[in-house]
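What follows is a pair of complexes built around subunit A, which joins subunit B in one and subunit C in the other.
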Partner chain A sequence: MQKIPAVSDGKHMGFAWGPGDILVYETLHKASGSGSSFIHEVRKDEDIYSPILRKLFNESHHIFVGLQTIREDLPSKSRKPQFVSISKNYRSVIRACMEELQQVAVSTKDGEAATQYGNQVSILLAIELIWNLCEVLFIDAAPAGSLLLHLLDWVRLHKADVDEKAREVLQSDSPAEHRDYWDVVVSYVLQGRLDEARQMLMKQATLQPAARNMYKLMDTLLSKMPFFNPSGTQTLTEFDVKWRHWHEEVDRCLQDNSFASNKHLEIICKLLLGDEDILLDHKELLGTWYHFLVTRLLFCHPTVKPAELHYYAQSCMTMFLDSRSVPEPLDSILLAAFEFDIHQVIKDCSIALNNWWFVAHLTDLLDHCKLLQSHNLHFGSNLREFLLLEYASGLFTHHSLWQLAVDYFDHCPEFGRVYLELQIERVPLDTERKALKVLRICEQRQMSEQVRSICKIMAMRALRNNRLGSALSWSIRAKDAAFATLISERFLQDYCTRGTFSDLDLIDNLGPAMLLSDRLTFLGKYREFHKLYEEKRFTEAAKLLLSLMTAKIAPRSFWMTLLTDALPLLETARSWFNSIQKNQILMTLTNCSFSLHESVTEVDLQRLQKSDYFSSV
Partner chain B sequence: MFVARSIAADHKDLIHDVSYDFHGRRMATCSSDQSVKVWDKSENGEWHCTASWKTHSGSVWRVTWAHPEFGQVLASCSFDRTAAVWEEIVGESNDKQRGLSHWIKRTTLVDSRTSVTDVKFAPKHMGLMLTTCSADGVVRIYEAPDVMNLSQWSLQHEISCKLSCSCISWNPSSSRAHPPMFAVGSDDSNVTYGGKVQIYEYNENTRKYGKAETLMTVTDAVHDIAFAPNLGRSFHVLAIATKDVRIFKLVPMRKESTSTGPTKFEVQTVAQFDNHNSQVWRVSWNITSTLLASSGDDGCVRLWKANYMDNWKCTGILKGDGSPLTGSSGQPTAMSTVVGSSVQTSQNALNGMSAGRIGKRAPFAPPLRQLTSPKIYQHPAYY
Partner chain C sequence: MESINAKYVSQKISKTRWRPVSHSFLQQPDIFASGSWDNEHNKISFWSIGSHGSSAMEDGFEGEPQLLCEQKHDGDVLDLQFLDQDRIVTASSTGAVTVFRHHQNSQTISIAQHWARAHHYPCDNAPCTGVVCSSPEIVTVGEDGRIIVFRADQEGVVRVIENADSSTIHAVTYLRTTEILTVNSIGQLKLWDFRQQSNSPSQILSLSGDRVPLHCVDRHPNQQHIVATGGQDGMLCVWDVRQGNTPFSLMEAHSAEMWEVHFHPTNPDHLFTCSEDGSLLHWETSSHSEMPSFLQGGRNSSMMSRSAMAPAGGNQSLISAWLSGDCSKGRLETSHMLPSQTLSVNSLDVLQQCLVCGTDGEAIFVNRQVPV
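What follows is the complex of A and B.
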């Protein structure tokens, strides 16, 4: 529940939906009275305004679009590596973002910002953790043998503090005597990094020449631990046999007290045997129940099958967690993953995170891997579309990220188009450049109604600000004949009052657009007449003027002007009109005087009557 | 959710309506102080009042924007029995510099004999049409035939609904598959006769609006009504604010080819929420009809969302806490969040990694995990 200050109890709360926010204010419906006169803009926590996360959105958009174009007809065998690679791309984008955020979090002086950055880092860490596990279990779908190796990688990647500690220890004067020394060794063992453990142990060995044999024995045991090689020739069964032999050997060493005099080495020996109690003694080094899970599997059951995972996962979680502590959302998500319940993973992630980015992209990828369908969800692809629509709609309220959203809508077959139509109309058309950008997107998708509407809005705006040229070109683009007519009339009115045209460039270059409306055609042609006259091409000018008079596309208010324009041509010694044409002019004059237009002035009529023509009649 | 900004509206009396323009860059507010104010949002997100003027001689109940295709046009309606249309005039350049604009009245619609309770523009594909409804039970539809001359409006339809009307909503769909349609709600409090929501549809043959449906199951006073954006569906979705929040689905039934009457609908109740536990006063859809907001007598605004299986749930609550607002507007105010026990867990969500659990912070790796801000959704990000 979000509390709004300054809205008191007993009052109603009014609201209004806005782009990306909701405005609330105190009111009392159907009453009057005084009250707090504040309006509060309430927003969802929005990552889209974080400049660093913006990179996440931009780059993942790139990956998303690439994913959509992967050919469906390739056999799944060759598609899987592609999907794994895409998954890794997504994760590396998350990591890059995380690292940048971490740097900023550490370097900023603003305490509140540091906390916020820190929080975002946490969330990204969790997201990457979950995604990585999903990649291992669902996308890569590692079989028994490789499965454990992948899980080990997974744990190692997310327990980076070991390396830092190790660095500290190694850089000290006497590493083997550093207080964290044994922690580092044990941590290496817990992560299955036995070579590194051995190297560390050598430092201790040199300090204790008396115990040299013991250290040699440990070194041997550590070096002989078998690890499954997926690309090798050994089968899983063969590996299992080998591993059991090794396990028995370690057990023998423990039973005959080979390490009894060195409690550290004895602990390591027990760890190698997967001793639960000893493992749990090292909760602090393990840190999490899933580290505990993987370590336990490493030393008890390295050939674990995917289907067996959830038994171990559940029991490890129970053993590791305090009986008092409640599993947290991250725990349930990971558990659902170990149970191969993709649907549950997506659901829980949607609930725990308030940005749709993660679930939208992950679900989309899983859908491409045809994994949602395999779970018998007849609404599998609907779920993908639902999440993508949510995510993209969220992007739309951002002043530049909205362009990314367009591609997402393009790949939502059912509702993508209509969502795009609804939302693109609302993009504020601050500048002509932005309007053109929006238009291009609409035109590319044959969204003709949106094109028309946007052009109309721009035309109207230009008209209100008396920018006739701009208004006209927008009307033409909107193919709005009525509006084009209206604006042409304004131009003509302008001409009548001022004697000149504005926006000559535009009118001179109308081209075929002139045909949009009669009035517009007239405007274009009339201007042409003026040009011909200026260029002293009087025959052509006269002909054009006559055709304008007779073609009946001239507005009535303009007839007198046309006749007045004819005057200079009539009054000169050389007649630019032949007798047929003169007849036509007379007809026009007659029609004109019968119409009793305001624009017909006495002076004009007299001039005409006095002109050459009439005097010769 | 958080309060990003608080704007001191400076109305001298209660604000009754706030309305965003089509692009979300301007806002109009109206109040019992009889005035309307217009606000513009600057590039940095700050709101500036660019006009403030007296509009009526009574409380102004609603204010609404016309589609920007018609220019910058507002309509308001009031207790003073009138509705008015206003147009922004592009002012002198020094006005612009001072960030002011002028609005002039284009027309006053005085046909109503009682308080005008709602005013709405019809969908733009119908032209520039304005609809009002009044306490006298009449819905009036006006049209401005010449978009360039907003002082000329003609009363095209006068529909008597027999019950005092409180709200109207047009179906925003421009699909040719169905004729223009609007819904009227009545706040008549006599529950003995039902049908407090009526649906009217335009008939091409009679050139009139005829009643197509009455929602008989709505027997209590209705205070607000809203058609959802259509999304190309064949059916219509209508939200109603009455003693609870209701969402109806209206499915047009196949018409006989000879039938010339209004469409028959199959009416289904999609959802009914009584969480407000009191009268619900307003309902409104977001642009994509994925979220419905409602406000009630309990002083809360609730947000409702359907998941991809069309199950509706409450996804957020806003409530006044009665504390006075200190500090200048434009600064995010402190939030006091009410956190229920079930929400507490998700508050510290994602605290799985080492540090959080054991309480010791490891370097780089997971600082104590929390979400960016305290969880407010009780059923958050409902998928």
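What follows is the complex of A and C.
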């Protein structure tokens, strides 16, 4: 929540909603009197304007489009690894973004920016954590046995400070005497990284030759802990039996006080037995309740089944967190995931995050894995489509990222097209290049109405700036005969006022575009008549002129001009018109004089009637 | 095929151009410039792919472009060309033409020359759509149908051809030192001779049939009469400007607008095109002429066929493989250069064995092992 500086205390605030923002202004609830003259724009979603996060949107768009094209008819066995790999792709994109943000947060000198970057980093961390868990539980859907191994990987990935500490310890002069030494060893054990724990312990063992046997025993215990091998031949039951044997052996060692003289080793032994109290003693090293959960499962119940997870999860969370503290949103999301309540996860994430990116992509992926039952919302669309539409609509408000949104709308079968049709018309068209791109999008989706309206906007703009060639090119694209007629009228008007044609390069080279509208054809042919006349090819010129008169594609206002053009041809000594043609001219004249009294001048009429050839008819 | 990686740069790229290499040192291209579009604040940026640059670029995957410096640009960068080793000229959607200087030592960019509203309408801005230069001369074209000639060191305009075109001029290229060729949105190629004082083109060529807008043009590096164009329908046309009205060959290249076409500057049997449909094609023709192309003799126009068919086999010395028009005989190979479908590829540039291109997906691709 932030205080908007727009409105001073005690004043009233007016507002109007926009697609992704609000306009806010100061006002007084009185009929008269002046308020502030400023309007403020409050943006809800700052994320899409962050340059580093933009990479996230672009890269994930690429992955999204690739995901939609996975063939539906392949058996689910071969599709699962593909989905897992796509999920990992999304996660690596999140990680790359996170690392870049981290670097910038560290290197920036602006304190406020550093805080903001830091916040974004922690949000991305949380997102990746949730996504990773969803991948393990829902997409990969590991069965008992592998489930714990995946969860161990998950925890290890998100607790990187162990490695840092270990590095520090190892680089010191005497690692075994470093104050963090035992913390590192215990952390390794908590994460099930027993080989590394053993290596560390060896350093201590060399320092205490007297306790050599104790260290050897611990080493043996650690090395013998069985881990389930999913690709091996051992069944889960066999593994369980082996594990219980090992567990009993460790218990025996504890009972006969083999480690009594060394409190550290005794602690490790108790940890290996999954002693809850000792585990809770190490809350600081565990850090989070879900680490506690995984460690507890590792040392108490490694063959946990997916359906059993939520019992353990709930109890671990209760044990770990103070009874007074309220669980954070992240905690309830993770708990919902452990309960395999996908809808709850999505709902909680939608509320907690301010950008639809995460839920939209995750839901889409889960939908492809066929994990979402169609959860009908009251306006009929399903959950995946709803989230994608929300996300894409948010993208569309961005001056640049709107192009990505198009692909998202394409893959929303019910409402995507309608949304796109409404939004695409609002994209500002500053240059022809941008208009061409928007047009291409509309044409590829057969949105003919939008094509027509965009072409009309561009053509009108061109016409206003007197770019008749551009205007014509836009009307050809839209196959807009009416506009082509408008443009031809402009040309003909120009000719009437000035006596010459403008833009000859256009009219002379109309080509088949001439046929788009009658008026345009007339224009082209009329210009051709002039060219023939200039080249003194009078027979052909005469024939063309006559066909223009009789074909009735000439606008009425132009008939007199045509007749006037016929005059020189009639008045010369040589007969360019035969008698049939002369009859036709006469008919045209008659028609003309009946319908256009005002434009027929006496002088013209007399000239025509006096002309030798008419008198002889 | 060597994997070509995308570098996401948080801006839609409208133009990418290699900095020219100095032939005396036989350098590999290492620096390119890019321009953005459709951003609230557009930028021009200089990038390095070589082992040049300061030590801060040690990390990062080998060959990934590293940003050297960038500068705010007013309006979309609609065209960008290198004037010389240090200076670039940009065409802006506000109608301005600007010369930027890249200071290599301090990695900063300053404005050397700026002509605001060079292209304009009476009351509005008209985007400047194309720029071509041959130092110190700069020629620009725009949506207002003007052709303007500048000199990089002079503040004023050298020459303006008003109303050169009634439609938008999309691209311009030099044909000879005193002749330029423009393409417009009603499908015409116009030749302009600057030695003449008149404001009309010396020649107009167009396709018979539909007047499809042409968006890009490039001249064959060695044979000045051969020109390739690409247009709204994605067709690649190769023209012989001596031969008048129709192109020599028409090839279906892309399913949407072709934004740029480039002959390889040193190996012109190779041609590259990029398009709105998200693909970048590499065209390779095998010139089966018995006589090497650099030993061409004088004109022998009587034997040149006017149609788009392969001429008779005897006069092979004058025919570049591009003009044979007979691509069905397998003399023309095309290959996609980008690994998968992307958003529109707006620009490409190729120099020696390096290719750089920019897309609307806010990514730049660099390929350093183009098979030429």
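Operating definition for what follows: the second predicted complex is superposed on the first by the 489 of 617 C-alpha atoms of A that agree within 3 Å, B and C clash if a C-alpha of one lies under 4 Å from a C-alpha of the other, contacts with A are read in each partner's own complex, and residues count from 1 in each chain.
To be clear about the criterion, contacts are C-beta pairs under 8 Å (C-beta built on N, C-alpha and C of every residue); 3 or more make two chains touch, one makes a residue touch a chain.
It should be emphasised that the depicted structure is a prediction, and the values quoted were computed from it without experimental measurement.
Applying the stated contact rule after C-alpha superposition, one finds that A:52 touches subunit C and leaves subunit B untouched. Within the superposed three-chain model, A:222 lies out of touch with both subunit B and subunit C [touch as defined at top]. In the superposition on chain A, A:194 contacts neither subunit B nor subunit C.
Set against each other, subunit B and subunit C touch different numbers of residues in subunit A, with B touching more. When the shared chain is aligned, subunit B comes close enough to touch A:382, but subunit C does not.
Applying the stated contact rule after C-alpha superposition, one finds that A:415 touches subunit B and leaves subunit C untouched.
In the superposition on chain A, contact of A:465 is made with both subunit B and subunit C. Once the two complexes are laid over each other on the shared chain, residue contacts for A:326 go to subunit B alone; subunit C is not touched. Of the two partner chains, subunit C is the only one that A:403 touches; subunit B does not reach it.
When both complexes are overlaid on chain A, the residue A:432 reaches subunit C alone and has no touch with subunit B. Shared interface residues of subunit A (contacting subunit B in one complex, subunit C in the other): 465-466. Of all the residues in subunit A, the ones that touch subunit C in their complex are 51-52, 54-55, 58-59, 61-62, 65-66, 399-400, 403-404, 430-434, 436-437, 440, 444, 465-470, 472-473, 476, 502-503, 505-506, 509-513. Every residue of subunit B that touches subunit A in the complex is listed here, in rising order: 1-20, 22-25, 27, 29, 31-32, 59, 68-72, 88, 90, 124, 148, 174, 223, 229, 231-232, 281-282, 284-288, 290-291, 293, 295-297, 299-301, 303, 307-309, 316-325, 329, 333-340, 345-346, 348-355, 357-358, 360, 362-373, 375-383.
On the subunit C side of its complex with subunit A, the touching residues are 8-12, 14, 37-40, 76, 78, 93, 121-122, 124, 126-127, 129, 143-145, 163, 165-168, 184-188, 190, 200-201, 204, 206, 208-211, 213, 232, 256-257, 276, 340-344, 360-363.
Those residues of subunit A that touch subunit B in the shared complex are 1-29, 31-45, 47, 102, 116, 118-123, 125-126, 129, 158-161, 164, 283-284, 286-288, 325-326, 328-331, 334, 346-347, 350-354, 356, 359, 379, 382-383, 386-387, 389-390, 393, 415, 418-419, 422-423, 425-429, 449, 453, 456-457, 460-461, 464-466, 486.
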